[in-house]
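Both complexes below contain subunit A, partnered by subunit B and then by subunit C.
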Partner chain A sequence: MGRGQAPPPRLIIMANRRGLRNPRALRETGEAYLYLLPAFFIMSLFTFYPFINALLMSFQDVRVVARVDGQLVPFHRTFVGLANFQVLFNDRHFIQALTQTSIYVVVSVPLTLVLALLLATALNQGLRLRPFYRLAFFIPYITPVVALAMVWTWIYHDRVGLLNYLLGLVGISRIRWLNDPSFAIPAITVFNVLRFVGYQALILLAGMQNIDRTYYEAARVDGASPVRAWQHITVPLLTPQLFFVFLISLMGAYRIFDEVYILFAGGAGPLGSARTLVFYLVDQAFNNFRFGRAAAASVVLFGIIFVLALFQITVTQRKVHYDQ
Partner chain B sequence: MRTWIVMSLVGLLALGVAGFADVEFSFWHIFTEEHATALQKLADGFMDENPGVKVDLVFQGGYGDLSRKLFASLAAEAPPTLSLQYENWTTQWLDALVDLDQYIDSAVLDDVHPRFMQEFEGRLVTLPFNRSIIIMYHRKDLVPEPPTTWDELLGLASELTQDTTGDGEVDFWAFHLRPRSPEESYLTYLEQVGGSILSEDWTTVTINDAYGLEAAEFVTDLAQYSLVDPAFSSGPFGEGVIAMFIGTSAGMPFNQAAADRAGVELGFATIPYPEHGKPASQMMGTNVAIFEMGQTEAQIEAAALFIEYLLRPENTIFWAETTGYLPVTTTAIESEEWQALSEENPFFAAQTEQLVIGGYGQLLHPEYWDMRSVITDYVEILVIGDMGPQEALDALADELEWILER
Partner chain C sequence: MAGLEVVQQSRVRPYGAYRLRRGLLRACLYVVLTVGALFMLLPFFWMISTSFKTLADAMRIPPMWIPSPFVPGNYTAAWHAAPFARYFFNSFFISSMTMVGEVITCVFAGYAFAKMKFFGKHVLFMLVLATFMIPGHMLLVPSYVLIRGLGWYDTYWALIMPWVTSAFGIFLMRQFFRTLPDELWDAARMDGCPRLRYVLQIAIPMVRPGIATVALLQFINSWNSFLWVLIMTDSPLMRTIPVGLRFFQQEAGTQYPMLMAASTMAIVPVIILFFFAQKHFVRGFARTGVK
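Right, the complex of A and B next:
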C-alpha cells in the first residue's frame, strides 16, 4: 500500500476498533451519538413506538372504552391471537382492497416510470422551451392533491365533465368514469400517472445530464445510432435513478388514499371498486372503530412493502450500474 | 380573619346547595354560521338562567372530525361533558355514557316525541337534538301533485323519464337514486313493507325474506327511471336533469339553492309508500349524550339541565325554525306556534308529517357500520342490475351472517 492510497476497508474497521480504546475517539463517538439523540427521540415517538404498538394491536381486540370490574378502561385491549388476521382474510372488502391496490401498483408504477423516462429523454434533447416544459410537468406534483383531485372530479364528471365532452366530439358515447366499477382504478391510475410523471422525469433528467458526454462521443465515433446510444449508455447509467424512483413510487403507490377519498367523495367507489388497502384501514379504524383489525391490515401492508423493498434491493441492485 | 374564612366557606356551600357554583362544561358540536349562532343563543339563554354555569361550546369540524376527536378524547380519558353523536358511535362507547333517565326529569323525558326515543341495550343514554328525516323533494312544474304510493311513483316516473335530444340516450330522469346511501335507496323502502335487516333479537338475518324481496324489486323497477349517481341530489337537481328525489330534510338549504340555480320551484312531500305498507322514513342527524368519564357530578348535572333546557318547547321550536331541523318534543310539534309555522312553510309541514306518521331510527347493532357497508354494495348491484333481486339479497344475507358470527 503506497503513500496517499486509501487503506482497504478491512484495515479501516480494525483501526476503528483499536480507536475505540482511545479516549479521544471514544469521546468523539459519544458526541456523535449525542447529536443523533434528538432525531432518535423524535423517531422513537412518532415512528418506532406507533409501529410496535400497531404490531401489538394487530393481535388484540381493541375497544374504545370498556367497563372492567366496575371501572371504565379506555382503549381496552384483549389478546386474541390471529383472530384479526383470520377476519381480514375472510373479509371480501379486504381481499378486494388488496387485489385492487396490487393491480393499481402493477399498472401505474411501471407505466409512470416508462413515460417519465421517455419524457426525460425528450427534455434532454435541447428543446428551446425546456425550462417551461420542466415547470409545466412539475406543477401537478407540487399542487396539493386535494385541489388536483377536485379538478379531476370535474374532468371525470359523467354529464358535465371535460373528458366526456372531448370524447363526444369524436363520437364516443358517455363513459361513467367514477360511477362504473370497471373504470374506477383506471381513472385513479390516469390521475396519478399524470401527477407523478413530471416529478419522476425531472429526477431522471438530472441523472441523464450527469452522464459523461465522452461516452456518447465514443459511441458516435463507433457509429452507434442515437437509439442504440440511449439503449446501451443512457439507460444502464441511469439505473441508480431508475432504481430510486421505482422503489419510492412502489412504496407510495401501495399507500394510495387521498386521491380515492376526494375523487369518490369519501366513499370506496361503485361496488367498492376504488377501495384500496389504506382506505380499508382508515375506514375500519376511524369509521368502524375496529382498531385491532385496522392494525392487522397495516401489518399486512407493511409486510408487502417490506418484502417488495427487500426483493428490489437484492435483485435490482445487481443490475444497477454506477458511472465510477 | 378566621371568622371571614369560615363565613366565606359557608357562603360557598350555600351557593352549591341552592344552584351551581361556577360549573363549566364543554359541548362538542359541528355547527357553523347560522346554526352556530342559534346554538350560542340557546347557550346564552341557559347561562342567563343559571349564572353559576358556563357552557363551553366547542366547534370540532365535520362529523368525521368529531368522531375521531371523541375517540381520541376517550383514549386520553378526557372526553367533553356533552357531545353530539350518531347512533353507530354511541354503540362503540356505550359504557362511557351517563344514563340520562337518572338525571333528567321524567316529565321532560315523557314529552320527547316517541319516534325519537332510542334505547341502547336497554339504556337511555341519548336524547334527540339536531334530527332530520328523509322526505321527498320535487319540481313543482313537473310534479304538481306528488305521488303518494309506489305505484303512482312508478307510473309518473315512466312518463317523465325521457331522451329529450333524440340521441338514443336518456338525458332527463324522473328520479335520482343514490345507491351508496342505503337509507335513501333501500332501507327506508324495506321498512315501509315491514321488513328488517335482522330479526328483533338480532340472531337471524331477515333481509332476504319476502319483505326484503318486495323492497328490492321496487328499487330495481325505480332504477329504470332514475339517474343512478352517488352525488348529492342537489347536483343533478340544479342541472335540471331530474324531477324528484328523496333525501334528508337537513339538505333543504342545498336543495333550495339547486332549485334556484335551475330556476324551478321546489316542492316538499312525504315519501311514497306501498298501499299495503306503512309510511316509514328513516330519521337522520345526531343526538346528544353525556360522558361519565372524567366529569364531576356537578358537570353531569349541569349538562343534564342544559339538555332539559334544549328540550323546552320554545327552545326546540326556535332551533327547528332557525336551522330546519325537527322540533323534538310532542308539546312543541303539537303547539299552535309550530302548527302556524308549518302552515306558512310547506317544508316544515312535510318533514313534521313524515316524522309523526313514520319516523324510525337506525339499527343499533354494534356492527352496523360493517353491515351498512355490505348493504351498500348489494344495493349498487341491484341498481346496476348485475344480479337479480333474490340472488343479490341471498348473497347479502350470507355476508351479514358472517358479520354476525365472527
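Right, the complex of A and C next:
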C-alpha cells in the first residue's frame, strides 16, 4: 500500500466506480487473491476437482487393475452413458439402502427436532443447574462417534446389555437390538436422537434468547398463559432456527455411516437391515472395486442433498436474514 | 392512567395460586431435566464402570453398578494389546497440523471476504458456500484415486492436506472479521501500515475468540474423523484413535471391559478439551444457527 498518502475521498469513489481499471482497485484485487490462494488451492484440489471427477466417473466404467506390486491402481476409464445408474436402480441392495436411509431420516429427524425444541424450552426457563444440563446433553455430540458407538454395542447387548435390563424393569421383554432386522433402524435412531438432541437444543436455545423479551411481557399483560406465549411467540419467532436445524439434520442424516459401521461391526446388519446409502457406496467402491457404480450412488446422494439445500436456500432467502 | 391500573391488576390478581402452580411446574421441570441429563450421562458412566470390571462381573445380571473388585488392569491390557501410543500420537499430530493449517488458510480467506474489495468476490464466495452442498462421501472415490495418484496413500499427507481448509472455517472467520470497524484499517493505512502487517498485528488479535472457535472445531473434527482415515490408510502405523479402536473391536471381540477401557481413553482427551473451552464450542455451534 502507498506510503502515508491518504487518498482523497474522490479517488475512493472512482475506485469503486471504475473497478479494475483503477490501479488502486487492481492492487487490492491482487492482494485479495493472494490471501485467498491457499484456501482455494486446497479446495480446488480436494473438493472441486474430485467433485467433477465423481460426476464423470458416474458415467464411466472404471476398471481397477488389482495388485500391481500389492497396490491397486485405477485404470482404464471408458464412458458408458447411464449404464451405472441402470445397474444401480436394478440392484436390490441399493434400493434397500435408499429406502432404509429414507425411513431413518423421516423418523429420526422430526423426532430429534421436537425433543430438542422441548429441551431448549426447558433450558430457557432460567434454571439453576443449566450449565450441568447443557454439559450433560451436549457431551454425546462432541464425543468421538466411534467410541460412543462402541459403548452402545455393549449397551445394546442382547443378554447382558444395560438397555434390555432397564427395559426389563418396566416389563418390556428382551429386544435383540442389533440382531433383529426390524430393530436395526430403531437402534440407530435411538443412538442418534440422543447424540444430536443436545446440539440442536443449543442452537434453538441461542435463538430463543435472541427473542425480544418485550413480546413476552406484552403477552403476560394480555393475560396469555406461558403455554400460549410459547405457541404464539416462541415457536413462530424461532422458525428460522427450526428450519435451519431441520434441513441441516436432514442432510446430515442421509450421510449416516460411522455409527452404523461400528454398531454392526462393519457389516450391513442382519439381512442388510442396517445398509445405508453411504455404506452401499463404500462397500461397492472399496470391497468390490466397482468405482463407477459407487460414483453413481454418490451422485444420487448428492442429488438428494442438493435438492434439500436448494430448498433451504430459496426459503431462507425469502424469510430469513442471515447477514448481520 | 386507567390502562396502567388494569395492567397492575391483571399482574397481581392470580399471584397466590399462580405462584404455587409455577413452583410445582418448576419442580417437575427439574425432575424431568435431571432424569434426562442422568440418562444422557449413563452410557459414559456405564463405559467407565465396565472398564474397571472383570469380564465375569461385566456380564452379571442384574448389573453391578460400582465395580468390585476394582480392576484398573484393563487399561494397561488394552494399551498393550494394540499400539495405542502410536494411535494417540497420530491423532494428536494430524489434528494439530490440520488445525494450524485451517486457521492460516481460513483467517486470510475470511479476512479477504470480509474486508477487501476485489473482482469476482461474490462469485468466489458463492463457490465457497456451494461446497456446503457437496456431501464429503461423494468425494471418497475420486479422492482415493487422487491420493493414489499423488503417491500419498497411507501417508500423513493424505490425512492432513485435504483438511487444512474448510468452507465452514472461512465462513466463520468472515463473520468475525466483519465485526471489526472499517475505521481501524483506515487509520492504520493513513499511518502507512501495510495491509499484511495490519492483518497480522491488529486484526488477528482482535478476532482471537473466532480463531479459537475455528481451531477447536477443526481439532475435534480431525480427532473424530473415521471413514477418511479408514480408506486412505493401510498400515497399523498410520491409524488414528477411531480407526485403531475399530480394529481393536475386531481383535478384542467380546472382551468388553477392555473395549470400554479403550473407548474411555479415546473419549477423555475430547472431554477435557471441551471442559476447558466450553464457551468457544458453544459460540461456534450456536453461531451456525444464529445469523
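The definition used in the following text is that the second predicted complex is superposed on the first by the 273 of 324 C-alpha atoms of A that agree within 3 Å, B and C clash if a C-alpha of one lies under 4 Å from a C-alpha of the other, contacts with A are read in each partner's own complex, and residues count from 1 in each chain.
Here, a contact is a pair of C-beta atoms (placed from the backbone, for glycine too) under 8 Å apart; a residue touches a chain by one contact, two chains touch by 3 or more.
For clarity, every value in this text was computed on a predicted model and none was experimentally measured.
Measured by the number of subunit A residues touched, the leading partner among subunit B and subunit C is C. When the two complexes are overlaid on their common chain A, residue A:82 makes contact with neither subunit B nor subunit C.
Judged by the touch definition given at the top, the superposed model places A:179 against subunit B, while subunit C stays out of reach. Within the superposed three-chain model, A:271 lies in touch with subunit B and out of touch with subunit C [touch as defined at top]. Using the contact criterion defined above for the overlaid structures, shared-chain residue A:199 touches subunit C, although it does not reach subunit B.
In the superposition on chain A, A:93 makes contact with subunit B only, not with subunit C.
When the two structures are aligned on the shared chain, A:218 is found in touch with neither subunit B nor subunit C. In the superposed pair of complexes, A:114 makes contact with neither subunit B nor subunit C. By the document's definition of touching, of the two partners only subunit C reaches A:143; subunit B does not. By the document's definition of touching, neither partner reaches A:103: not subunit B, not subunit C. Taken together, the two structures place residues 72, 74, 159-160, 265-266, 286 of subunit A in contact with subunit B in one case and with subunit C in the other. Looking at the complex, you find that subunit A touches subunit C at residues 1, 3-4, 6, 15-16, 19-20, 25, 28-29, 31-33, 35-36, 38-40, 42-43, 45-51, 53-54, 57, 71-74, 119, 122-123, 125, 127, 129, 132-140, 142-148, 150-155, 157, 159-160, 162, 165, 194, 198-199, 202-207, 210, 220-221, 223, 241, 244-245, 248, 251, 254-255, 257-258, 261-262, 265-266, 278, 281-282, 285-286, 291, 294-295, 298-299, 301-302, 305-306, 309, 322-324.
Within the complex formed with subunit A, the subunit B residues making contact are 64, 67-68, 71, 74-77, 89, 92-93, 95-96, 169, 180, 228-231, 236, 239, 241, 292-293, 369-370, 373-374, 377, 380-381, 384, 399, 402, 406. Residues of subunit C touching subunit A in their complex: 7, 10-11, 26, 29-30, 32-34, 36-38, 40-44, 46-47, 50, 58-63, 104-106, 108-109, 111-113, 116-119, 121, 124, 128, 131-146, 148, 153, 161-162, 164-165, 167, 170, 175, 178-179, 189-195, 220, 223-224, 226-227, 231, 241-243, 245-246, 249-250, 256, 259-260, 262-263, 266-267, 270-271, 274, 278, 281-282, 285-286, 288-291.
Interface residues of subunit A facing subunit B in the complex, by the touch rule stated above, are 63-67, 72, 74-75, 87, 90, 92-93, 158-160, 173-174, 179, 181, 264-267, 270-272, 283, 286-290.
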